[in-house]
Each structure stands twice: as structure tokens, then as C-alpha cells.
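Shared chain: subunit A. Partners: subunit B in the first complex, subunit C in the second.
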Partner chain A sequence: MFNLFLAVFPEIFIINATFILLIHGVVFSTSKKYDYPPLASNVGWLGLLSVLITLLLLAAGAPLLTIAHLFWNNLFRRDNFTYFCQIFLLLSTAGTISMCFDFFDQERFDAFEFIVLILLSTCGMLFMISAYDLIAMYLAIELQSLCFYVIAASKRKSEFSTEAGLKYLILGAFSSGILLFGCSMIYGSTGATHFDQLAKILTGYEITGARSSGIFMGILFIAVGFLFKITAVPFHMWAPDIYEGSPTPVTAFLSIAPKISIFANILRVFIYGSYGATLQQIFFFCSIASMILGALAAMAQTKVKRLLAYSSIGHVGYICIGFSCGTIEGIQSLLIGIFIYALMTMDAFAIVLALRQTRVKYIADLGALAKTNPILAITFSITMFSYAGIPPLAGFCSKFYLFFAALGCGAYFLALVGVVTSVIGCFYYIRLVKRMFFDTPRTWILYEPMDRNKSLLLAMTSFFITLFLLYPSPLFSVTHQMALSLYL
Partner chain B sequence: MDLIKYFTFSMIIFILGIWGILLNRRNILIMLMSIELMLLAVNLNFLVFSVSLDDMMGQVFASLVPTVAAAESAIGLAIFVITFRVRGTIAVEFINSIQG
Partner chain C sequence: MPLSATMVGALLGLGTQMYSNALRKLPYMRHPWEHVVGMGLGAVFANQLVKWDAKLKEDLDVMLDKARAANERRYFVTLGILCYES
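After this line comes the complex of A and B, so read on.
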């Protein structure tokens, strides 16, 4: 009996931390004795600490992988894949929370519930990564999404924020409905919701004609639901609006954390749960369309957050290349791509948050950043070059490995489109760098120096991005382990 | 034959829910109701399949989905309330202040 609880000990801890922080926040921020203090930073630091302790519990609990097998028949599965994926998710969450503290101070954002919801959503994402049954997967996806709907609308007085929250709610609820319909079709056609049972039934299954129309519809709808959630084209309808309207830390969260966990779920369902019956064509098509749209639409953007939204859509397209292959190399390249994408995105959003002084919204505001803030300009340039895929930075490594995997399994057209759109995309990334270094704006904007958290985060991520090429083997061997344990 | 009849019924409700979201021109409460319709149709689907397969997991799933639907509508209504406070209207045409 104790094995059951030990196996989910990190989740139990983070749920307890959520509730204790919620009660702590409510009791102290409504107490007359302490004069109603705003507790956002306080709860924020405690929340960051609890995420790090959860990470410690998870990382030190490696021997539990062998005794956690009791969970397999029910709802969750812990193996190498979930181990490393959850560690990575918790690291990204910790990094993104540490970006928020300055935002709370500057914007006078008093709601401590922001951090509580982020912790709850992180717990949902931990469950999502280890989910091994359609029920558990759906419930965990909903737990994560519901928390995000609220924090996307958290700036209650701002029109942009409430509209972004509204659009995110409708988009997310619609996609969850479609996902659930797919789950019901698969359940109806096979009678199984557990991935092990689904794997035994569906692997190598040929989708032919009317006999298997239920399974076909189920897999199609689940794929569409997932593609809505990772904002792939042609299901990216309101994603740029949501990214632009939400408060910037929330946009940072939206671009990083749900994508990691939804990709983990996609890998479980489509690579383990139903290998032969997967509609590979739909992922091919969405990958190509995302890359093309991400490259072309970002050229016309004049606002920084919208540009980052479109570049994230394009990057999802590249990452889906690794998934469309279906080989172990493909999955390994997908995991490397996600890892490097999360680090680059954290870098980019930390810089956008650092430049918030006079509300940098437009790209033109970045003019002459090189003269006022040379180190920040250099860091931003490194990030943009890494997004563009210029060697010897980390972004080049991830794209190279993705195209290599695509060529290795014979998807020549995919790799060709990837390379062409990568080159087209270089244009707007380098245009940002040019604005920083060579343009002079009409009114010079001076930025305050950033706080310690963001500078530490930026230092670590830029260090990794710059020097990844020299020693990539730890990441390669970790992702190889993850990809292998996905098949077992 | 019975299974197909019930399944068609819940499929029609699901499609009505999707149309309600996509073809909505009045106000966004209709969108929330359509989302609820979609989730309800899928719930009915689960129950129908559970009875026809004589399996319990469908009913387990069907008893967990409404909790999620309820939480979602609570959050949706809260977001509509703050939208109304900021704008003074919940007509769909005005939900376009983020352009591009």
C-alpha cells in the first residue's frame, strides 16, 4: 500500500504546497493586524521553493521506478521517460516563476493566487506526463488547462487580458471537447482505455474501410484535439491573440510548459498506444503548414509578443517533424528540440520582461538597444540567432538533428520544407537584430537594469545556448534513454 | 442497430454544439452553452458505449467528465463577468480588440 503513495510523492507534495500556500495567502492578505499586505512576491518565493523541493523529491526518487509498477494497471506509469520529462518540466517552471517577481513589483500585481494556480497547473502537468490511461490523460489535461484559463485573464482591469482569457477559454474548452470525443470513439470501438491494452489492440492495425471507422475517427479527433493544444497550423486560430493579450509571464508559461507535457502525451498515445494506426499524414501536413506559416506570418508583425507567438508556432512545426518520422531517432530529435526550444523561449521572454519599463510592445521600440544596453542586446541577438538556426548555437543543433532524423526515415519533402522555411525565417530574426544594432528610434528609451533572478536565468540559458555544441552528449544520451523507454 | 441509433443521436448533439460555437453571432454565453452541449454529447457517447460493450470504464469516465464540465463553466462565467465589467457588453462583434 505504501508503494502507491511513495510513487506519487512529488505530486502529493506539490498539491499540499498549493493548498498550504493558498491558505497562507488568504489568511495573511486579509488580516487587519498586518494591514492587508500584498503577498504576491512572498507566495511567489515560497512557490518557487516548493517547485524546487518537488524537483528534488522527483530526482532523488529514482529507485522508486522499480516499485511503482503497482500503478501501471491503473492510471499512471513511471519510467525513464516520465522521470526526465518531469524533471525538465519542473526546471522550466522554476525558471519561469523566477522571471515573474519583477513583474509583480512593477505592475503592482497583488494577486498571490497567480502562483497558487501555477503550482496547481504544474501538478496537473506532472500527472499529464505520467498518464497511461485515456481517463487520466483527459483529467490531467483539464486540470492544467483550467488553471491557465484563469491566469491568462488575471489582469482584471485590462481589456487585452480579459479578451485573451476569454479566447483561450473557448479555444481550450473546444479542443478538450474534441479530444474527449476522440477518447469516446476509441473506447467505443476497442473497449479499452488503458494504453497497454490499446497498444495490444491497435499496434499494426490497418485502417481500412467501414470496419474500423470508429477507430479512425477516434484517432483523428484525438490528434486534432492535441494539435489544437500545441497551436499547430491549421488549428492555431487564436493563439497569437492569446499570446499577445495575456500578461507577459503568462505568455512565457503558455509557450513553454504545456507544450512539453502535451508533447509527452502525444508521444505516449501515438507512438506507444497506437503505432501502425496513426494517421501519419495529418502530422506531416500540420508540420509543413506550421513551418510555412510560422516563417511567413511572422514577417508582417510589428509587435514583439506576436512575433514570438508566430515563431513559437513555426518551431512547433519543426518539432513535429521529429514526431512525424516515427523512428527512435525522430523521437530523440523531438525531445532535443523541445529541450532547446524551452530554453530559448525562456531566454526570449526573460528579455522581453526585462525591457518592460516603458512597455515595449512594438519592435521599433528596440531601436538602438545596442548603445544603451549592449549586453542585453548581445544576449537578445544570441537568442534570435539560435531561433534562426545559425551555427554554432543550440538552435542549429536541434534543427540539424531534426532534419537528419527526417532524412533518415525517408521524409525528404519534410526536410526540404524545413530547410527552406528555416532560411526564410532567418529574415525576421535578423531584422530584429538589425533594429537593435543599427536603427535609431525617434525617441530614445532607457531601460532600468534587470533584477537578479532574470539576470541569473539569462546567464544560465545563454551560456547553455552558446556552448551546447561543444558538449552535447549528456543531452543526447538522456533523450536516447527517454526515447527507448517509450517503446518498452 | 440500437447502438448506431443512440450514437447518431449523441453525434448530432455534438455537431450542434460545434455549430453553436462556430456560427455564433449573438453573444458569448451561447458559446459557453455550446461547449457544455459538446461535453454532454460525449458523456452520452460514453454511457452508450459502456452499455453496449458491457464494460464499466465508460461509466467511470462518464461520472468524471461532468465535474470537469462544471469547473469549466464556473471559470467561463467568471471570465465573462470580468469581461463585461471591463467592456460593458458581451456581444461577439466587440471581441476583437487584439488585431493582427
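After this line comes the complex of A and C, so read on.
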């Protein structure tokens, strides 16, 4: 029997934990008795603990059956898809928070609000994944986005960070406005905001003679709003500047967590709510454009974070292949792609953070890393080869499945563009490997030891990337279940 | 099967801890009790993963059977009713 309290207890717990940590931070950081202590690490560890407890609560309550439940006036839905997406989101958040502790010490970063905002945005993303109504979806998106605008500008003494936060605020608000406009047009044309009702009205609307410019524009605007948020071409312009200007842990979080929640939302709204030729063409075009631009623009980059930003844009293009197919295999390949992309990105940013201590900002600074820290150079190489899609690493498996899904639904051109851009992408990924192993840096740098959190995270993600192909069955089964849950 | 999962998991845990030490440029076997903890956690993780995979496959088969039955009800039953009426 469905117990509402148990079903939403993870969200209730994390919201309460967030506010308790906020009060704890405010009370003790302004305490003269304790000499105004910096609480970033302290709140960070407590925040990490909260995320892990939420993960345990969610995993313990996750039913492995096919029953879906709607709750809170049918605004939210609980099914296999929701559970596994939320578990995956919390794992990514925990991984990102664990990367931050050394950053707090090195940069003398004493804003405990950083962790509180990350937890609050995670709450928003949890609600976004389970949202089953346009209004609930929009409110959850805003809760997540507003926190991101602030944490992008969290390094108050840096002009780059302030500029990144301001740019993100303006462009994010603009895209949210477009999304809301699309929602209002859909509501105006159909009178419905619930996804079940929209599915009944909008399924096959292009062929049943019920065409309406309001519906068409509404779907178009919602798609544009979402494409802004996932940094798909041609709405990607903000991503490289904001990824470069924000503090590196923020960039890591922005690259991973919102993509999981927004793709989950896109699948709910479009695959279940409305899927037709118009939408497929939009995502077809954006997928091809993202893959091409991600491959070509990254070649010209000289900074590591900007290169990873363009690489992320390219990967969004690959992941959109799965959406463009519109089949169960397409959705399954999309989910596999996101999971593997998130782990590779966590690995890459953990390495960037580890190198940041030695002031590595440009690609040229990576020279002779193989001599100063050979194991780290090998780890970075494995990550880059996986990004490039070279077998037998996990990145190859995700691209393979995406291209096969495209071929299965007849999108031969999409698969061809994907393969060609993967080959082009190999150039700049392997260029990094060449720099590490064969070049000398511009100035010699001293090695500073990595902290235990990052080293454990790197070890686990590297083992996953390397050994995934030996036992891919659990990920394939769980993503298949998630894809079926969208329809059943 | 459980023995091989335990062994693989223990190896993975040991490997993770040694890799972590290597990344920090420490001796591979520094603080050997951490390696024991890693082996234990790895063995538990591998066993749970194998059990979870088996459960996932069972539930996936249930979902696919339900979907097949729903499709058959929708199309074959409707077709049957149409034939009867005609």
C-alpha cells in the first residue's frame, strides 16, 4: 500500500537538513564566543552526510515493482524512473560535494552558504524529477536555477565569478521566461497542465487535424527553454563563459546535476506528454549542431575548463540522439549516456581540482604531468580516452548504444554525424594526453598532494570507466526499466 | 557464484585503496587496515550488485509481460469484438 509520508520522506529530510544547516551556519559563524569560525568544511561534511542519508532513505524505500503513484493533488509521480533518477542525482551531488573540501582550504573559501545552496538546488532537482504537472515542473526548475545563479557568483573577490553569476542570472531568467510562456500557451490552447491530460490531448495532434498554432508554439517554446538549460546548440552561448568564470566545484556541479534532472523532465514532458514530428525535428537539428560545434569549437580552446565546457556541449548532442529516436532503445541509450557522462565528468573535474592547487589553468600547463605524477596522468588519459569513445572504456559503450539506437530507428544521418564528430573530438582529447606525456610545461610547477576524498572518488570512477564493459548488465537492466516506466 | 563475486569485490576494494594511495603519491600499502576495510566494502558491494541485478531482471520480465498482455488486450480483444459484431 502506498504510504505518502514514506514516499516523500527523503525530500522532507533533505529540506529540513538544509534549513538546520543554514541556521547552524548563521548562528555559529557570527558567534563572538567561538571567534567567528569559518564553517565551510564543517557545513560541507554535514551536508554530505545529509545527502548520503537521503540517498539511503530513497534506496531503502524504492519499490522494485511496476506500480506508479501520483500524490499531492496529482502534481507529482513516483515510479521506477523517478526513484532511479533521484538516486543517481544524489550520488552525483555527493560526489561533487566530496570534491569541494580541499578547495575550501586552498582558496580560503569560508562561505558556508555554498553548501546550503547546493542542498537547496538538489531539493529543487528532486522535485523536478518527480514533477507531473507544468506548474510543479516550473516551480522546481526555478528553485534549482535561483540557487545556481547565486553559487556561480559565490567567489565574491573574483570578477570572473561575479560576471559568470550575472550572465547566468540574465540568460537563465530569459530561458525560464520562455519556458513559462510555452507552458502558458499550452494551457491556453488545451486547458490542461497535467501530463496525463496533455498526453491524451497532444498525442498524434499533428495527424488528427487538431492542429493549433498555440499548441505548436507552446511546444516550441518549452523545447527552447529546456534546450537553453541543457546547453544545446544554438542556445549554448552562455555555457563556456559561465563554466570558466565560476569556481571549479560549481562548474563540476553545473555540468552534472542539472543535466540529469532536466533530461528527466524533458523525457516526462515530451516523450510521455507530447511527441511528434515537430519535436523530433527540433531535437534532431540541435543534436547534430551540438555534436558538430562541440567537436570543432573545443579544438581551438587553450584553457582546460573551457575545453571541458565545449566537450560537455558535444556530449549533450550525443545524448540528444537518444531523445531524437523516440523509441524505448533511444530512451535507454539516453539514460546510459547520461550516467556514464556524469561519472566521466566527475572524474575530469576532480582531476582539474587536484591540478588547480598547482595552478594549472591552461592546457599548456599540463606539460610533464606524466613525470611529476604519472598515476594522475594515466587517470586523466583514461578519462580523455573514455570521452573520445575509445573501446573498451565506458564512453565507447555509451556512444555505441546511442548510435545503434539511431540506426535502429532509421536516423542514419544522425549516427553518421555522431561517428564523424567523435573522430574529430579524438583530436583535442588526445592532444591533452600528448601534452601530459610528451611536452614540457611553460613554467615548472611543484606537486602538491591530493586529499583523500578526491583520490577515492578518482579511484572509484576510474575503475568504473575501465571495467564497465565487463559487467554492464545492471545499468542496462535498470535503464530498460526506467524507459518502460515512462510508458507504463 | 557468490564466491567469485566476493573475490572480485574484495579485489576491487583493495585496488581502489591502493589506487587512491598511488594518486596521493603515498606507499601503496600505507595504513593497511584501510585496505582491509576496502576489501570488506568491495565484497559487500559486489554481492549486493549481483543480487540486485538478478532482481532487476525478474522485475523487467514482469514489466515486459504486463506490457505484452496490455497490447494483446488492446488489439486482439478489440479485433475479436469487431469480428463478432460484423
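Keep in mind that, in the parts below, the second predicted complex is superposed on the first by the 465 of 488 C-alpha atoms of A that agree within 3 Å, B and C clash if a C-alpha of one lies under 4 Å from a C-alpha of the other, contacts with A are read in each partner's own complex, and residues count from 1 in each chain.
Note that a residue touches a chain if its C-beta (ideal position, glycine included) is under 8 Å from a C-beta of that chain, and two chains touch if they have at least 3 such contacts.
Not measured: the values here are computed from a predicted model.
K.L.:
Output check: A:Lys167 vs subunit B and subunit C. Expected answer is one of first, second, both, neither. What do you get?
P.N.:
First partner only.
K.L.:
Once the structures are superposed on A, label A:Gly245 by its partner contacts, choosing first (subunit B), second (subunit C), both or neither.
P.N.:
First partner only.
K.L.:
I'd like to know which partner A:Val150 touches here: subunit B for first, subunit C for second, both or neither.
P.N.:
Touch status of A:Val150: first partner only.
K.L.:
Identify the partner contact of A:Arg431: answer first if only subunit B is touched, second if only subunit C is, both if each is, neither if none is.
P.N.:
In the superposition, A:Arg431 touches no partner, neither subunit B nor subunit C.
K.L.:
Counting only touches as set out at the top, which of subunit B and subunit C does A:Leu458 meet: first, second, both, neither?
P.N.:
In the superposition, A:Leu458 touches subunit C alone.
K.L.:
Please work out whether A:His24 is in contact with subunit B alone, subunit C alone, both, or neither, and reply first, second, both or neither.
P.N.:
neither
K.L.:
Which chain makes contact with more of the residues of subunit A, subunit B or else subunit C?
P.N.:
More residues of subunit A are touched by B.
K.L.:
Could you look at A:Val478 and tell me whether it touches subunit B, subunit C, both or neither (first, second, both, neither)?
P.N.:
A:Val478 sits against subunit C, while subunit B stays out of touch.
K.L.:
First (subunit B), second (subunit C), both or neither: which does A:Met450 touch?
P.N.:
second
K.L.:
Once the two structures are superposed, pull the subunit A residues common to the subunit B and subunit C interfaces.
P.N.:
Dual-contact residues (subunit A): none.
K.L.:
Okay, in this complex, where on subunit B does subunit A touch?
P.N.:
Interface residues on subunit B, with respect to subunit A: 7, 14, 17-18, 21, 28, 31, 35, 38-39, 41-42, 45-46, 48-49, 52-53, 55, 57-58, 60-61, 64-65, 68, 71-72, 75-76, 78-80, 82-83, 85-87, 95, 97-98, 100.
K.L.:
How about subunit C: which of its residues touch subunit A in the complex?
P.N.:
12, 15-17, 19-25, 49, 52-53, 55-57, 59-60, 62-64, 66-67, 70
K.L.:
Can you tell me which positions in subunit A touch subunit C when the two form their complex?
P.N.:
Contacts found on subunit A: 64-66, 354, 373, 375-376, 379, 447, 449-452, 454-456, 458-460, 462-463, 467, 473-474, 477-478, 480-481, 484-485, 487-488.
K.L.:
Any idea which subunit A residues touch subunit B in the complex?
P.N.:
Touch list, subunit A to subunit B: 134-135, 138-139, 142, 146, 149-150, 153, 156-160, 162-167, 169-170, 173-174, 176-178, 180-181, 183-185, 187-188, 191, 193, 240-241, 244-245, 301, 303, 306.
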